[in-house]
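Presented sequentially are two complexes of chain A, the first with chain B as partner and the second with chain C.
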Partner chain A sequence: MTFDWSVVWRYRDALALGTATTFLLTIATMAIAVPCGIVVASLRLYGAAPLRTFATAYVELFRNLPLILVVYWAFYVLPIVTGVGLSAFATGLAALSLNVTAYNAETFRAGINSIRRGQLEAALALGMTRTQALRRIVVPQALRRVLPVLASTWVSLFKDTSLVSVIAVGELAYVSMQARAQTFRVLEMLTAMAVIYWLLGYPQAKLVDWIERRYVVTE
Partner chain B sequence: MSAGASVRAKASGTKAIRYLDVVKRYGAFTALAGVALDVHAGEVVCLIGPSGSGKSTLLRCTNGLEKIDGGDIEFEGARLGRDERALRAMRRRMGMVFQNFELFPHLTAEQNVAEGPRTVLRTGIAEAKRRAAAMLAKVGLADKAASYPSALSGGQQQRVAIARALAMEPDVMLFDEPTSALDPETIGEVLNVMKVLADEGMTMVVVTHEMSFARRVGDWVAVFDAGRIVEEGSPEQIFERPATTRTRDFLSHLTWGA
Partner chain C sequence: MGVTAYGRVDFDFTVVTDNWRFLAEGVGVTLLLSLASGAASLVAGLVLALLRLRGPRWLRPAIVFYIDSMRAIPVLVVLVWTFFALPMVAGVTMSPFMAGLIGLTAHLAAYAAEIVRAGIESVRPGQTRAALALGMSHAQILRRIVLPQALVRTLPAFGSLLSVTIKDTAIASVIAVPELMRRSETVAGQSFQPIEVYTFAMLVYFVLLYPVTRGVDRFYRRVAHLGRS
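Let's look at the complex of A and B:
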């Protein structure tokens, strides 16, 4: 068996573009799923009854569906239901965001619940509204406390973006598979893809560990 | 009950807070079984009595952290707000100090004190900082402005918590067992700050187990038992000539070996 690693080099531009798309997807998904997760968690904790039920139903639905199914669903069903045709990238982003928002909501809910009630009371006693108390006092503490969990969600998400390759979003996995199909260099392309994912994922995980140590709040 | 027998030194006619037959229940448990008490402007009223007798509950009802099930509470002549907006307006004028300090751990001492003026009163950052500096100086912690709560002793944290409440320039201060969670050697520094406030004429309602504070600083003392006030009067009357067996009983248990 002979190996031809030059194919990896030949596809370097495509791989670089795919990597950039992977990063963009991860960042955009988190940029949507962190604030949305906070909102959904707040609704579950403090919303009026119908909103609470809706938020709970949302979380339980998307937490218990395979992500790849959500991706397919967003691609085939969403345009029919909404009548809006999105690009493959936007569709993938929507699917990932729906999924990660559900996870983040649970993370934030646990984080907010872990802040003792006296903190909310101290804020209310100053005359703050419940929203102000949450925004200024409870959520910032909860955020710091859940950073490690968000971090591992981030690293999972970075890898899970590969699932949107099934709807032809040109991220790293899709580009690698395309190259594999064109060159029949399965082992080389899969190895290159693994190396790229690992080399990029590992420092992110380490960075997140550092952030956690840096922002830890001691009581 | 011989409350009328003691002289109420600061009875000014202006009532800061009136408790009118306040009832509070938690399920089948009655925490407050009809409490009536007046707090006059400029007075230090101390609530004493055994644990679970309803003192803290009454304090927490005062600013609406707990909702009452019966009776009424009047603050500066107006009925305590039932809706959130009216309640918030009253809370701005009532400072509260908690047993466990409840400083915001993600903020420095200065930010803790500036938070109320900044977020609630919308004073602007410069004014909030000015108030924070002034209040931290008042409680003797000007040098700790940049410290996070975790770097402060219990006594220092409680003094910052007092500064945080004072920065709102309240009419009344509510203290919920402010020294119960402190090491014995730091209790004095907190009581000293409270004494200064009292001397300045701040209206204060203090739930406390520090009998020496109630005796020396209090203008009026109410003794709680099982959700009721069993006796109220001047400190001299309560501590020298308690009228009820329940008060005598309670006070006698406070001194070890008595």
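Let's look at the complex of A and C:
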């Protein structure tokens, strides 16, 4: 069996575009999921009873479902429920956001809980509303504490974007497998895909380790 | 399935009941793959962690490289490569299930190794020193002092990993492992009723996964005292 590794070079533009799409998906999902995670965590901690139940149910639901199933489900259900035809990218983004928001909500809940209650009480005693106290005192401190976990979630998300390839979103995994189908160069393209993910993911994982060391909080 | 207007749908779950045996077999495969890869990755992770911490020094960089690589590469990529590319390199043929098992085990073993390592390192070194002073060999120390405490402490993390394992078996659907996700796709494709089928699949996965995390929490609370030092 002969291997033709030049096919990877020939498809470099497509692979680069796929990589860019992967990054775009990751960034966009985090941009949505971090604020939404804070909101859901706040609902769960400080909301009225029905909101609290909703937030808890939401988090428990999406933490206990495989992401690939959420992707498929979003692909078929969202157009019907929302009445609009979403692009595959938007559907993938929606599914990823729903999933990561749930994880972030748990992360922020733990982070907010780790800020001593005295801070919130002092803020309230100074006359701030609860929202003001959260926004100006608690959440900024919690953000710093949860940074390592968020970084770890980022790396997981980066890898999970590969799952939206099943609904034909043109990220790295999809592009690689399309190239494989077109050229029949299975080993070359699949190995290239693995290597590219490794080249992108390894530094990110090391960065997460560094962030964990740098931002470790000991009280 | 009738789509009568924006946002209003008539659900017809007979597609699920008609195919229940097919889907139930899928659940069986999901469970089999989860438990098999879970057990295998547990053993492999334990071996890797012990080799890393107490094994030959020259082996350490290789193990660290392996673990960090599995943190960097998506499960999908590992599974697809194992099923399509590995046979070309190794000259073996394997069924989708076997490829799924090997790929998942390889991926999860890295995480298991990190969990075991964290557990072992959390046992106070004073315990090891005391045991050495008492004349125990390193192997005895591991077996009788360190590992029992370490493994109890790792229970919550392993519960979480089991949950991840079950979720990752769904990814094996892309290499045609006949587990629940794949079979749901098949039924949904044939019946043109994806909403009912995938909603049912969501229900099944939730029912599978929710007790795992809750159960591990409860079990750990009862045995946590065994891990304290």
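Everything below uses one rule, namely that the second predicted complex is superposed on the first by the 205 of 219 C-alpha atoms of A that agree within 3 Å, B and C clash if a C-alpha of one lies under 4 Å from a C-alpha of the other, contacts with A are read in each partner's own complex, and residues count from 1 in each chain.
Assume a residue touches a chain if its C-beta (ideal position, glycine included) is under 8 Å from a C-beta of that chain, and two chains touch if they have at least 3 such contacts.
Only a predicted model underlies this, so the values are computations on that prediction, with no experimental measurement involved.
Q: Since both structures carry chain A, what do chain B and chain C do when superposed there: clash or fit?
A: fit
Q: Which chain makes contact with more of the residues of chain A, chain B or else chain C?
A: Ranking chain B and chain C by residues of chain A touched puts C first.
Q: For A:T129, decide between first (touching chain B), second (touching chain C), both and neither.
A: first
Q: Quick check for you: in the superposed arrangement, does A:A49 touch first (chain B), second (chain C), both or neither?
A: In the superposed model, A:A49 contacts neither chain B nor chain C.
Q: In the superposed model, how near does chain B get to chain C, counting Cα atoms only, in Å?
A: 27
Q: Residue overlap on chain A between the chain B contact set and the chain C contact set?
A: In the superposed arrangement, which is not itself an observed complex, chain A uses no residue for both chain B and chain C.
Q: Which of the residues in chain A come into contact with chain B in the complex?
A: Of all residues in chain A, those touching chain B are 118-119, 121-130, 132, 136-137, 140-141, 144, 217-219.
Q: Provide the residue numbers of chain C that touch chain A in the complex, in ascending order.
A: 3, 6-7, 9, 68-69, 71-78, 80-81, 84-85, 88-89, 163, 166-171, 173-174, 181, 184-185, 188, 194-195, 198-199, 201-202, 205-206, 209-210, 213
Q: Would you pull the chain B residues touching chain A in the complex into a rising list?
A: Counting only chain B, the residues touching chain A are 63, 65, 84, 88-89, 91-92, 94-96, 98, 100, 102-106, 115-116, 119-120, 148-150, 164-165, 168.
Q: Quick one: in the complex, what on chain A touches chain C?
A: My answer: residues 1, 60-61, 63-70, 72-73, 76-77, 80-83, 155, 159-160, 162-163, 165-166, 173, 177, 180, 186-187, 190-191, 193-194, 197-198, 200-202, 204-206.
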